[in-house]
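Once you scroll down, you'll see the structures, which are given as structure tokens.
Next come two complexes built around chain A: one with chain B, the other with chain C.
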Partner chain A sequence: MKPFAYTAATSLDQAQEILSEEWGSRLYAGGTDLLTLTKRGTVSPDHLVDIKGLADFRYLRHLTGGGLAIGALTTLAELEANRTVHRRFPALARSIAVTGTPQLRNRATVGGNLCQQPRCWYYRGDFPCLLHGDEVCGAAKGENAYHALFGYESADGNRCVAVHPSDPAVALSALEAEVVVAVPGEAPVNWEATPIDDLFQQPTKDFPGTTILNPGDVVVEIRVPEQPKGSRQVYLKAMDRAAWAFALVSVAAVATLDGNRLADLRLALGGVAYKPWRARHAEEIARGHVVSPELVDEIVELAAEGAMPLGANEYKVPLLKGLVRQALRAVTDESRGI
Partner chain B sequence: MPELRKTVVEIEGRLHEEYVVVDGEDLPAWPEDRVLSRVGQPLPRVDARAKVTGTARFTHDIQLPGMLHARILRSPHPHARLRRIDVSGALAVPGVLAVLTHENVPELGWPGRPLFDTVLRYQGAEVAAVVAVDEAAATDALDKISVEYEPLPFVVDLEAAVEPDAPRVYPEGNVSADEASVYVRGDTDQGFAEADVVVEANFRTAAQLHNCFETHGSVCSWDGGRLTVWDSTQHVFGVRKTLAQAFGLPMHDVRVIKQFMGGGFGSKGGTGRYTVIAALLARQTGRPVKLLLDRREENLATGHRHNTLQYIKLGARSDGTLTAIYHQVFAGVGAWGWVAPVGGPARELYRCPNVKTEEYAVCLNLGPDSAFRAPGYVEGTVALEGAMDDLAVALGMDPIELRLRNYADTNQPRNLPYSGKGLREAYRIGAELMGWHLRETTGYLPRKRTILATLGGGGNHSPEGEQPPAGPGGVEDLVCWPGTQPEDLPPHRRRGLGMASQIWGGGGGPPAHAEVRVNPDATVTVATGTQDIGTGTRTVLAQVAAEELSIPVEHVRVLLGDTEAGPYGPISAGSLTVASVGPAVRAAAADARRQLVELAASLLDAKVEELILKDGRVEVAGSPERGIALRELTARLGNFMVTGHGSRGPNPEDVAVHTFGAQFAEVEVDLETGAVEVTRIVAVHDSGRIINPLTTSSQVEGGVIQGLGFALSEERAVDPQTGRVLSADLENYRIPTALDVPIIDHVMVPGADLAANNLGAKGVGEPPIIPTAAAVANAVYDALGIRPTDLPLTRPRVLAAIKRLEEAAQAVEAGAESGKEQAGEGGTR
Partner chain C sequence: MAATRTVRVRVNGTLHEREVEPRLLLSDFIRHELGLTGTHVGCEHGVCGACTILWNGEPVRSCLALAVQADGAELETVEGLAPDEERLHPVQAAFVEHHGLQCGFCTPGFLMTVVAFLRENPDPDEAEIRRAISGNLCRCTGYVNIVKAVKHAARSLRARAPAGASAAPAGR
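And now, the complex of A and B:
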């Protein structure tokens, strides 16, 4: 491991100053991702800027008009234990409960969770990878059982086919959360909130991060809006084993029912793209319709619309459909389990 | 008087005839009805406190004054020629003392392959070793070694490697028909001709990695010309022998120590190349050297259970009697290695006059394989027991009934009756506990299945010259109509029950020796050169000595894991420790007891025959007032130790000693997501007398859990483009977590195996892993109606099976519309 400098930041300004000015500096929160990447030599930062001590960004606050503001340094364990999260955002609570292990959740921050790097084994190992600066993506034609179905545009090896690993991001997407990003030099009043889906980008050779953030940009808050009355939520995650595994495919569903009519449905898919993948077409078709087996079939088919299996991940298509079906069952029929 | 005897010893499923030294006549086994008060008790481990409090020192914990740290540079290529190596950069790193490469490695009497080769046949092959004052410096220096490799064509896929035009690991080719292990009994052609029903199937199993908690490693220290090694090994005496040979030392100048073990599972049976490297670097620098492998090296270069490609064919009469078994195995051994006895179950488990097994080693550009808990039998049981369930379906017979129909009372390859075989009892107990009858009456698959469709496969695989219809494809898959399912299940879930049988050795044998020293305060020290691989050997041996001497277990201390602490003890492998070392300890304790009684006789002025030793007293039988407390007796002797010697007697010649068992699995398969959930395992095993039910249950649970990993999630992944291992960590190599463990009910078939040895006990280390995967796969077969052929049962495989099921159902529906006959008549057997 390459030696690096370490600064425990005492203010956000100080952190941002170093991060935006020093090439090779890296923001360090819980470190559960950054440290493992550094140890493996996948990234070699010169300077770690630790923001964990900035207590101002570790909070849960009710928003006026409902909803919840979550400081980016809040740990996943703190979120998981919060009653409001449990009662009003069960999909988020569930997505955290199936993230990693308790030890990990005690350490990992929600901001770091959104900004973590892909788990792609080509990226994290000594394999050809665009994000290492290589000419081709090794996964595109290799062992891609854990890779993307959507959004990568082309499997010619010029595009990263990794998926975003976060579970909470999928739930937050279905809950239509926003993230507040502090840009260096901007006064807090000017910090803008953007929809969570817009935070992510497909990593590229020149810009190998999973987010659109520039050096010095810091996610400071996540805002989860109040959900419609009577909305039902679920988060389902398919894994290779019962715990401590990333999602093969996951689904967050948020439904608002008016009698047996689906007033609103939001479906976000995890493990299938470089960001939480919203099944917008399926959502549209569902809106305003009475729940029926035919409607469910249609939503299920549309959720997989446009899927482009890479070879070894063909199974993700039926898996995704199966999970969406089970998620719909869970949010539309209280009498039956998943 | 020591004497030389010839005896048959079975290790890891293979028989060896050996000359062994035994001491005098063996004791008879404790009879079945003998009330034992220490043996048979569920005692917690004698070293539990040391382990929990961290005072137990594992190899990783060894710290010596002035100790250096070494690391190994390993080949990044699956196959390459080493063109040039320049270590000057590494030597310039502050703190680095030496670098070893093929250019400067001293000549050794090491019997293994070169420590550093110039043709590197797998990713992870040793290229150089660096020793430095700390681990960080050694690790940094690895990056500073500049190496020029000439990459060579490689093959990492088992199916590709058997093709004649595959890249070659060695110039001679990847599959050697000469070195194949072929077994023939009777005439299989005739057997198949006599059969009314023939089933055939292909199976694939994945490479399973041990991933011991404690990685491989050694600490080596020279004191003048003497070498001491703290090694993570399953065989201290084996390592001593090889190191003495390697360094040309008298054996008494090599001491090997292994006090506490963080797992071996077969991967630590030999002498590690890292051990020899550490010893060399320690000699060169004159300082102790610690060389521990990391998790990644563990996954690349320390052995694995070979992956297999298996073809099996069974012939039977309509009443279920087997007429022929043919089993062909291709095992991906890696860059070198051995084929474990994958055909063992086919040769032994069922009574069948005509059997042929062929086991081929296939070399691959991957790390060498090694033994892994019941090597071969785990893989072979998947195929045999899967095919037996196929046969049961084809015959419309209950799987247990079919197995009982072919129950073997003799070991057929050796033509000897079994010393004891509780398999029938295991079937009965297991079936009852699992509720096997439900399979017929309340909803699992009907006994007679309708065969919906047969789905064809692709090409065949066989070694050059051979033409059996082997390899995946070429065999038809059957799809069966599922029976009614239990009512409590939602329609997208299917429940299934499956079972599988287990046969294994585990009878142990000589040589194994022990010493029992009775101290002046009547406490006892048992010394033997075996080691505790983590199964609880210390505890069990203490119980045996305490039983024979009739003293509390707490008064016994067991010294082991040190070539200088006790007489020879065997490798901890093949489930043989209890059955080999246990009897030696009992014999030594009996020898000590004899001496004590003789001494008491002169003190009490009694005849030896009149005296008994019981509950810490020697007394005249019938008149307890004429007696003396053991403690008083030993105190009278001054500072003197009564020392008893004992050895394991030869194995019986007229019977074959084996362990048996059966496991039952209940699973639920989610048809929508392909999730396989094992809801319950019932494990029933016969290992003779159980010395400690608590340590036994740990073995059964551990075996089942490791078997579940093999069945459901553990799989080495290799990148086809670079030939490098993608799963070389515990994130991507998926062992089961606590949440993956189902309810495990287990029972040991009661009874001692009196012919086996003087304890009547057999091993329990390996048996419990053997049938788990087969039982799970058979349960999934029961649930889905389509037999899984490839393990582990990950989503891609299960979802593909479900897809085929749906296609078959659609085909039948389509057929039903155009006339019913086809599905009804043509499909039913």
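And now, the complex of A and C:
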């Protein structure tokens, strides 16, 4: 690794000041993603600003109305061990349990998990990549077995086709969570909450970044709203081995049943786009309908609607459909004929 | 070279203080600065688990942390397990007895992971054991004897613990 300066920040203000003023400074918390990038030279920071010690941002608080506020520096292990998370947000609990390894979850923060960089080998290796400042995305017409099905108009190389690697992000999307972003110089009352899906952006040549964050912006809190009464949740992840792998495809589903009727359905797909991909059309069609084998078939087909395989990732389409079917089975009652 | 920083860290009960560069990895600090070479470095990018140590009681990968971050922390490495030169820690003894190792390179990482795991879960079933060691790779054994060793270690630790004593570490 190239030498760098290191500051153990004693306040968020101090960290934000350095991050917004010093080109080459990087936010650092658990370090489990950034160090892998720094070791390879993919990222060469001049100054690491470590906020891991800011205890003010490591908490779980109940929100009025029943939701949960999660301080961004809470470790994944702390979230995983929390009873409220298990009881009320089982999809989130599961998405954390299948993230990385126990050793990583002890260090990794939930904020860092959302802001981690893609696992694309063009990015992490020395290959053409928009995130390196290159002209084209090498994966679009190259080795793209682990890449996107959704979210780009054409595989012309002008848009990044990497997928977001986070599992919790997918569960949080289905739970309609928001992230609170601290902007340098703004008082905490002015910090805005953004729907989690809007935190992410697709890297392009002109905007080679994976999130909407500007230098100095820090994700400080994740807000998970109370879920509809009686709703059922699931998170399913397909990997190419049984543990410690990123999702090939994952599905988070939250369903609210009113008798036989699906009063509400939320389906978020992971491993298929630069952000958690909500199957909005499928959700709409499902809403208000009686659960039946025909309805399930329709939801499954619509979840894959618009998928654009890149060449080596065609297998993700049937995998996605199968996983959506399993998720629907889990969140609806099997006796209703699915 | 970037300015050095002071790191004060307690390792296996002994306080150490060193001036280090911010880029020094915790694994390299433990091995090269402190001479504790029982912590092994395998993949060096957070995959294999050979470098697992306990940081304030929790297993972490020392190759994915900077030494400067450990300032003020309490660390445990494999050298701190055996009570003296003659005796082994029950988890070490179980690994020897049940052939939980062949080449031994991954063993320090397994031992630290398992020691922390059994403090929190003194009576695990096989699925829990396999989940606990899912972040440690062994290319020799196929894990069967490691799982067996963990089961036996749990049994001997339970037999040793005074009745009513909690095996859970503070702070969790």
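Rule of thumb we're sticking to: the second predicted complex is superposed on the first by the 330 of 338 C-alpha atoms of A that agree within 3 Å, B and C clash if a C-alpha of one lies under 4 Å from a C-alpha of the other, contacts with A are read in each partner's own complex, and residues count from 1 in each chain.
By definition in this document, a contact is a pair of C-beta atoms (placed from the backbone, for glycine too) under 8 Å apart; a residue touches a chain by one contact, two chains touch by 3 or more.
Note that the structure is a prediction, hence the values are computed from the model and not measured.
Peer 1: Touch test for A:264: chain B only (first), chain C only (second), both, or neither?
Peer 2: It touches nothing on chain B or chain C.
Peer 1: Between chain B (first) and chain C (second), which does A:243 come into contact with in this model arrangement: first, second, both, or neither?
Peer 2: The answer is both, since A:243 touches chain B and chain C.
Peer 1: For A:138, using the defined touch cut-off, is the partner it touches chain B, chain C, both, or neither? Pick first, second, both or neither.
Peer 2: After superposition on chain A, A:138 lies in contact with chain B alone.
Peer 1: Which holds for A:301: it touches chain B only (first), chain C only (second), both, or neither?
Peer 2: neither
Peer 1: Can A:22 be said to touch chain B (first), chain C (second), both, or neither?
Peer 2: A:22: touches no partner chain.
Peer 1: Is A:104 contacted by the first partner chain B, the second partner chain C, both or neither?
Peer 2: In the superposition, A:104 contacts chain C only.
Peer 1: Just chain B (first), just chain C (second), both, or neither: which does A:48 touch?
Peer 2: A:48: touches chain C, not chain B.
Peer 1: Of the residues on chain A, which ones does chain B touch that chain C also touches?
Peer 2: Residues 1, 243-244 of chain A touch both chain B and chain C.
Peer 1: Taking the touch rule as given, give the residues of chain A at its contact with chain C in the complex, in rising order.
Peer 2: 1-6, 8, 31-32, 35-36, 39-40, 48, 50, 52, 77, 81, 100-104, 106-107, 243-244
Peer 1: Spell out the residues on chain A that touch chain B in their complex, using ranges where they run on.
Peer 2: Within the complex, chain A contacts chain B at residues 1, 119, 121-122, 125-128, 138, 141-143, 145, 238, 240-245, 248, 312, 314-315, 318-319, 321-323, 325-326, 336-337.
Peer 1: Please name which positions on chain B make contact with chain A in the complex.
Peer 2: 76, 136, 139, 490, 492, 670-675, 712-713, 717-722, 724, 726-728, 731-732, 734, 736-740, 794-796, 799-800, 802-803
Peer 1: Of all residues in chain C, which touch chain A in the complex?
Peer 2: It is residues 1-3, 5, 21-23, 25, 44-47, 49, 52, 55, 58-61, 64-66, 68-69, 71, 113, 117, 131-132, 134-136, 172 of chain C that touch chain A.
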